[in-house]
Amino acid sequence: MTVKSPSPCPVPDGLAADIAAASRILAHQGVVDAMGHVSLRHPDAPDRFLMPRAMAPGLTTPDDILQMDLDCTTCGDDSRKGFLERFIHGEIYRARPDVISIVHSHSTSVIPFGLARKPMQAMFHNAAFLARGVPVHDIRQRFGTTDLLICDCHRGQDLAKALGQDDVVLMRAHGMVATGPTLQLAVFRAVMTEVNARIQHWTLTLADGGEIDALSAEEGVLADAPNSGASARAWDLWRLRVRQETGW
Amino acid sequence: MTVKSPSPCPVPDGLAADIAAASRILAHQGVVDAMGHVSLRHPDAPDRFLMPRAMAPGLTTPDDILQMDLDCTTCGDDSRKGFLERFIHGEIYRARPDVISIVHSHSTSVIPFGLARKPMQAMFHNAAFLARGVPVHDIRQRFGTTDLLICDCHRGQDLAKALGQDDVVLMRAHGMVATGPTLQLAVFRAVMTEVNARIQHWTLTLADGGEIDALSAEEGVLADAPNSGASARAWDLWRLRVRQETGW
Amino acid sequence: MTVKSPSPCPVPDGLAADIAAASRILAHQGVVDAMGHVSLRHPDAPDRFLMPRAMAPGLTTPDDILQMDLDCTTCGDDSRKGFLERFIHGEIYRARPDVISIVHSHSTSVIPFGLARKPMQAMFHNAAFLARGVPVHDIRQRFGTTDLLICDCHRGQDLAKALGQDDVVLMRAHGMVATGPTLQLAVFRAVMTEVNARIQHWTLTLADGGEIDALSAEEGVLADAPNSGASARAWDLWRLRVRQETGW
Amino acid sequence: MTVKSPSPCPVPDGLAADIAAASRILAHQGVVDAMGHVSLRHPDAPDRFLMPRAMAPGLTTPDDILQMDLDCTTCGDDSRKGFLERFIHGEIYRARPDVISIVHSHSTSVIPFGLARKPMQAMFHNAAFLARGVPVHDIRQRFGTTDLLICDCHRGQDLAKALGQDDVVLMRAHGMVATGPTLQLAVFRAVMTEVNARIQHWTLTLADGGEIDALSAEEGVLADAPNSGASARAWDLWRLRVRQETGW
């Protein structure tokens, strides 16, 4: 018995190019290298999402975007291989209707915060979304010894549970996930989480055990509001750089 | 009742290009990213200043420069949107007649010094201007919980007061402001403050609580004098790189 | 009496280009600079290996690849000079039949772990191969005061002994060696060892003497399995960049 | 009464281009920025040296090279302005007949070792020349409060005295000087001193007060011998990059 592929919904013009551009932007910004991925919930079909096929993000083109349902099955007659860890995306979209876009990376400055039991805090206004809290997902707690990958729906659900209602979740000995209500904001948050990690490393070293004047939770709420504008401005810059590189 | 826009004063040839170039230089030097801004007091009208419209600094062109009065109202029939934080500039120009140019950035190495209660000191001669002292503006002290932005004249005045007679002021959980008697020197100081921050981080780590041989206040005065020449040489290099990129 | 050169075995098409590309990839990734080298065991003659002549890795071309036997004598009528430290390669290939490719570098983030008596640990899944253990070769133990170079077969044998059955060995006050069952995986491991070193530096600073949740040996075994796929994806990206630069 | 300029000696073909290239190489390697300079003793007139006019090193061309005597007076009918700190070069050439080339930089990773009273040590073989010792020149000891610049022969002599018979001297709150028996080796040492500084920062942090296995003085002597070959290989790479950029 074969499972029938879900049929694809038409994708608005330009959207695949924007997702491919987002992949390249994350590579340009040093957030992803040869690994990592970004996805977008389908604007007309909330139970579908769009995501590149398994490949280095810096090489993604508009033709490389797959459509998947929330079980992470590729829609239509498309035999190209998806990312092993697409379940990060499917299960967070299922658990969080408000999430429209997701980035997964192995951001090098962020990984230490998943290993050293020191919580990430918001160091500046552009990373204000972190002031809500930055949980750490430790796959050992539910699954014991594993290959650390979110390669099925059970692990995806466990990660989505660790994310809860926050915007970012760290993955112990692996990387991080940033989410957002738009593609632009998810990309912006992935970049700013990396920047914030670098700032926090140096701030903690400088404070040498003393107090640090990080954003309070209340400041975080107020300071995060202008970030949707900031993310749009950053997107304009970063998107243009991709266009200059690729022509699309 | 509508407020009448102040009328613009003619801008000398080449000045808008230099301000746009300064924006791009700061982006090239890693001092600004998609955010941040630089301005110049109008050479013929001290109650006016020139500043790019709200956009990523790395994309600024000579056509993007707005003229504003010290209340931060755009002059003439120009409906393009200014930066939300233009009040940083207007209020410092008002409080400090000697200041001719201002840079605002989210310089990543500098932010920790606004969070960790360790004062910045001058680590080398090119950053000698820091030896006068580097105050930190904490917006909470007067305004309590905010979005951390200098988005009106009251907050701008509070920041200008924290700057006092110094050249640089740090902004807690936000960034910094560098000022100067020329566009070249304000840009140079913004860059050297970032470089100095990196050097101080490593010097403090190396000293591990021991003494460090930073510049004294007296050395700072003497060593800062040659920096106007140094800033001119740096400007020649950096300005040329922009010309090679843009043609202007 | 002259020693007769061993005769060369034919090299499959494209292999020399891939080795030259690997040299350039390591330069692009900041793992080698003007020094360092990568080699590949001959696919049809296990007692031979292919390696660039002595030159900066970022300049290597397919015509620069020499063929050597395990005594590190160049095969055929080829008078071009090999690297002084080719004995790193020859003796590891002799001691470890499973090793097909070797990288030697002076990776800056890695060197401290050979000096400070803190063992390297695996910080994330892409560096899971480190969880087996990362020995340090201290040339002083057998050879006393030297120039630190692996410039003959005796020193090469001592290094191979320190490597044992692991994938990576650090060289005190010198650099490191990464090995792999394919060219792609040796390159990937050399890059990921450098990345892992940076992450571990910050993790240890952040933990400040407290526990860190590094990969366990068991997680290392499971998490390393998918890295051959990951290395292939990284290779696709990195190899393309070389092709764009060189045309081959 | 006017002082007569010393007459210039003919400069061998290609030498001015190599000095200009050395300036650009140091900029490419991040050792100098808009400031810093490199010089070469005249091969046929040991009381003369060749050095760029005062300008950003990254812009130097073969036409920008001045000839000076050891009093730092420009030879011949040449009114172009030399660097304020040319006395670093003149006085070291006078005091050290074995020195053929000199680099002065504000290398950011190196400056902390002039401020924090922790001696620099050789961390790896390519920086073995540091194992002889790395003195720090503190201009305050003889001249009290100054602008920190080596802008006359008295200060130059004091710096040369601090250098003594070593290869590198740090300048408190300012930068460093690297010397060598060839242009290639002076450039190599300037670059490797910066790299070594980065490695030592991380090594000391990692060791956290414990012992580190730096090169001994004896190892330093042996390990420095092959660096003249290494510097030639590095020069081939770096010189080619300049040729690709400039055509000369």
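For the reader, a short list of remarks on this structure follows.
By written order: A, B, C and D. Residues from 1 in each chain.
Keep this in mind: contacts are C-beta pairs under 8 Å (C-beta built on N, C-alpha and C of every residue); 3 or more make two chains touch, one makes a residue touch a chain.
Being a predicted model, the structure only gives us computed values, none of them experimental.
Relative to the C-alpha centre of chain C, the farthest chain centre belongs to B. Chain C and chain D touch with mostly distinct residues; of the residue numbers seen at this interface, under half occur in both copies. Chain centres here are Cα averages; for chain A and chain D they lie 46 Å apart. Per-chain CA centroids place chain A at a distance of 33 Å from chain B. Within chain D, residues 204-205 each touch two or more of the remaining chains. In summary, the structure contains touching chain pairs A-B, A-C, B-D, C-D. Taken together, the chain C residues at the contact with chain A in this complex read 122-126, 128, 195, 198-199, 202-208, 210-216, 218-219, 222-223, 225-226, 229-230, 233-234, 236-238, 240.
Considering their complex, residues 33-35, 54-56, 58-59, 84, 106, 108-109, 111-118, 138, 145-149, 172-175, 201, 204-205, 209 of chain B touch chain A.
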